[in-house]
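What follows is chain A paired twice: with chain B in the first complex and chain C in the second.
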Partner chain A sequence: MASENGATLKAIADMLADGLETQVEPFPETDKEFAEILLQLRQLDTKDLKAKLVISGFLDHPYGPDRQRCLECMYYLVHRKWCDLPELSVPVEPDWWCRLWRI
Partner chain B sequence: MTNLLWLQGGACSGNTMSFLNAEEPSACDLVTDFGINVLWHPSLGLELGENLKKLLNALTSGQMPLDIFVFEGTVVNAPNGTGEWNRFAGRPMKDWVTDLAKVAGYTVAIGDCATYGGIPATAPNPSESQGLQFLKRQQGGYLGTSYRSKAGLPVINIPGCPAHPDWITQIVVAVATGRGAELSLDEFQRPKTFFTSFTQTGCTRNMHFAYKVSATEYGQRKGCLFYDLGCRGPMTHSPCNRILWNRQSSKTRAGMPCMGCTEPEFPFFELAPGTVFKTQTLMGVPKDLPSGVDKAGYVKLTAAAKAASPAWAEEDIFVV
Partner chain C sequence: MPSAVQTLDISPVGRVEGDLDVRVNIQDGVVVDAWTQAELFRGFEIILRDKDPQAGLVVTPRACGICGASHLTCAAWALDTAWQTEVPRNAILARNLGQLVESLQSLPRHHYGLFMIDYTHKNYSSSKYYKEAVRRYAPFTGANYEIGVTISGKPVEIYALLGGQWPHSSYMVPGGVMCAPTLTDVTRAWSILEYFRREWMEKIWLGCSLERYEQIKSYDDFMAWLDETPHHANSDLGMFWRMSIDCGMDKYGQGHGRFVSWGYLPHEDKYQKPTIEGRNAAVIMKSGVYDGRSDTFKLMDQNFTREDTAHAWYDEPGGLHPFDRKTVPTQKNAVDMGGKYSWATAVCHDESGRLEAGPLSRQLIAGGKHGESWQHYDPLVLDMYKKLGGASVMLRHFARMHEGVKLYRQAEHALREFRLNDPWYIKPNERDGRGWGATEAIRGALCHWIDVKDGKIKNYQIIAPTTWNVGPRAADGTRGPMEQALIGSPIKDPSDPVEVGHVCRSYDSCLVCTVHAHDAKTGEELARFRTA
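Here is the complex of A and B:
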């Protein structure tokens, strides 16, 4: 399990490092916009990692003037280095970010 | 003997149901142990028709003393301020309320509707409903700001949708045993003994609140319901996690967010679609933060809490 997560984490890190273009904007300001992104994610094949990253606007670094990042996001589980948002459920690094960030 | 009369305006009877389930003391204890004489109650009263009118007239004329006047539900003023939509014993209920409140030793509003107008008074308020001495956050209501019962107290408000059974019977006992003057009320005329602490006090999910671990679905056994599911526990004054429901549970223990029903704004957001059981956020930060916390402090707190959170906070554990 741990090594599987490690492999997925590396796969995501590699895609981001290779310059994968993700949909960082628009940031969902309202619950309705947030829910719309979740809906798009739910329609994906759960194994389609790349599409997940694109739709949720992944970055491998903090975002914006507030330097938002996974570490402070309420879905981030520190010890498991895991994004607990059911629609994502992927390993993440504390300094990453996506537009489903919430505190 | 202490004479108690209980009437209902624009109500669903939820507070009556709650009252009949009271345990400490029970509704029967009120009669047998505390000398409360329930003159009439919509679900328990025996008098009908002329006999009921006679009883009410005896009270309003002062022939029979009315020690405690309990009102459940809103005062209905529709149509056009006449109150004809809610007639009772031959006249608009609101006229009975006016007359009975004048002669009552204590007037007690039970539940949100009687207290603040609750759900019936939500815009567009077709029944022109008011609480006894408030309309939502605004003092005044049907009886007006200056209303005082014979004992010199304003309406004693016991909000909740419904109010917890023990809040009702314990306040009634306090009044009946001559301790009414000791009741200390807050700005919304709620007894401070029940409404000073927050719903969050005693919530079993407090550790998840502190470590910012979110429950993402109803009934989930780990996680705090504040971050996703709109729990109003940190902003709501009520003892729901101290004086448990059915002696064993509460909304948050069952994995259901607090809806803030003891506060004047309930129901929040005028029940617009997508606003109920959903934490309202602005750029990812909750619009309503726990009382006394600002945005900058909240962000800093989150960083510290996350960094310090122990591994067990991430486990699926029983929180009940």
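Here is the complex of A and C:
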């Protein structure tokens, strides 16, 4: 399982490094907008990594003036380097970010 | 010459919730006698006296940090029956869902955080599974320990969607619930549930789909499933089973062999006008008493409940029904193992005597043909019970984990059946009267009795699963279920009796425990330790 996660992590890192354009904006300021993004994610095949990254606005570096990143996000599981948001549930690096970021 | 008897006091037995002291007598490396002692006076019955009838909704969920939804369920249904309310279909489903997700939460939390840690004990270092057990289950660092403990927080996020928080929400009220989930809440709940299934139930716990697991109907089916593929054998369930057999967990922890369940999950179309008498015919998971010696089933009725106080610190007559109790605590509660030694009463069935509560009871009763034809039926654990020669530490824990898939399906059912534009609450009329609310917390039969007089609580009584299981001896000397289950436990090292911990944790009592070890002949204390 660890190797499976490692492979997925690398696949995501490669896509982002190759310049995959993701929907970084608009940031969901309210619950309603947040729920709308989740709804789009729910409609995907859970294995469709690329679409997940695009819809959730993935970046492989911190974002914004506050330098938001996975490490401080409430969904991030430190030891497993894992995004615990059910609609994403993917391995992530602590320095990454997506627009579903929450404290 | 008979060998010396050693006495072992376990206080508190850790990794169960609360405060429980266990004393065991050991002879030739085997437990020959046991006493379980609830050390803390809870007193909710006294706190609630003369309060507003709805006080139980706020106060009783605090009786437990981990099964507040079950207390809230009981408190709400008790008032519903006393006030003769009408509870809309949506509200029944929302109450069931709250309780179901709380129980789902409890499965990985108990399995990884409390139970499997013991499998990494040095006692088992010669087992061929030991190294792998340490890799998976070592506290904090085990690979699956971390996954299990973190995933356990997910189901109760669904509870928070309904009740605003978990634990200690009071969203269930007489006449319904104080929430009206939106479509977004419902779809969010689906995502959380499916995540729990995908990331833990199927991937880690079973190593197969829920559908494949649901095909298992007998012990032989289970063993065939175990051998079917390495995914099954190496799943956490497969690992639990194989290592349990290897380490002899199937050989002790038997108990009285008589079991009780109140039944749970009122059917959304059958309990909208709740009454005490009508409940048995309205719950999806049927109630019952199973006697393993005679292999007979009957329905459980609250009328049969009695509380024996011969060995409990209460100054009131024994053998009373909870409606007739006054809860008069003994002021000077000196421990006297021959006399009074516990704050738990010895709960009995008026005809069937001492009964064990918990998931094993529920799963055995699920195998009975009594009850309504539409009620849940599952013969697996009953078949295992018969083929494996009765209850054991292993079977008790297996029964608990086996229930997970069924709880999951019932949670799906609740989400599917919500009709978002229909009512969630019908305002009741307050009135005096007697009520009773029951359910099955994950660790067993729970119920509340309420007597409302002049608009206030005249009497409120709670019997928790742990009261059934850790009660002291009854007036006739019959041991409590856990006391009985400890008899015959092999103790490899009296200075570190992990086996006593296995038995206690297989009940997942609502009490934290300590072990004390004594040489019974000399009275010398051999060991005292907390097992957490």
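Convention: the second predicted complex is superposed on the first by the 103 of 103 C-alpha atoms of A that agree within 3 Å, B and C clash if a C-alpha of one lies under 4 Å from a C-alpha of the other, contacts with A are read in each partner's own complex, and residues count from 1 in each chain.
The criterion applied here is as follows: contacts are C-beta pairs under 8 Å (C-beta built on N, C-alpha and C of every residue); 3 or more make two chains touch, one makes a residue touch a chain.
Just so it is clear, the model here is predicted, and its values are computed rather than measured.
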Partners on chain A (chain B, chain C) - clash or fit: clash
Chain B versus chain C as contact partner of A:A7, first or second or both or neither: neither
First, second, both or neither for A:A35, with chain B first and chain C second: both
Partner chain in contact with A:R80 - chain B first, chain C second, else both or neither: both
Winner by number of chain A residues touched, once chain B and chain C are compared: B
Segment of chain B intruding into chain C (one of 78-86, 186-194 or 312-320): 312-320
Doubly contacted chain A residues - partners chain C and chain B: 35, 77, 79-80, 84, 86
Chain A-touching residues of chain C, taken from the complex the two chains share: 143, 146-147, 150, 154, 184, 187-188, 190-192, 194-195, 198-199, 203
Footprint of chain B on chain A - complex, ascending: 27, 29, 31-32, 34-35, 66, 68, 71-72, 74-80, 84-86, 101-103
For the chain A and chain C complex, residues of the former touching the latter: 1-2, 35, 38-39, 42, 46, 77, 79-80, 84, 86-87, 89
Residues of chain B touching chain A in the complex: 212-214, 216-217, 227-228, 274-275, 278, 280-286, 298-299, 302-303, 306-307, 309, 311, 314
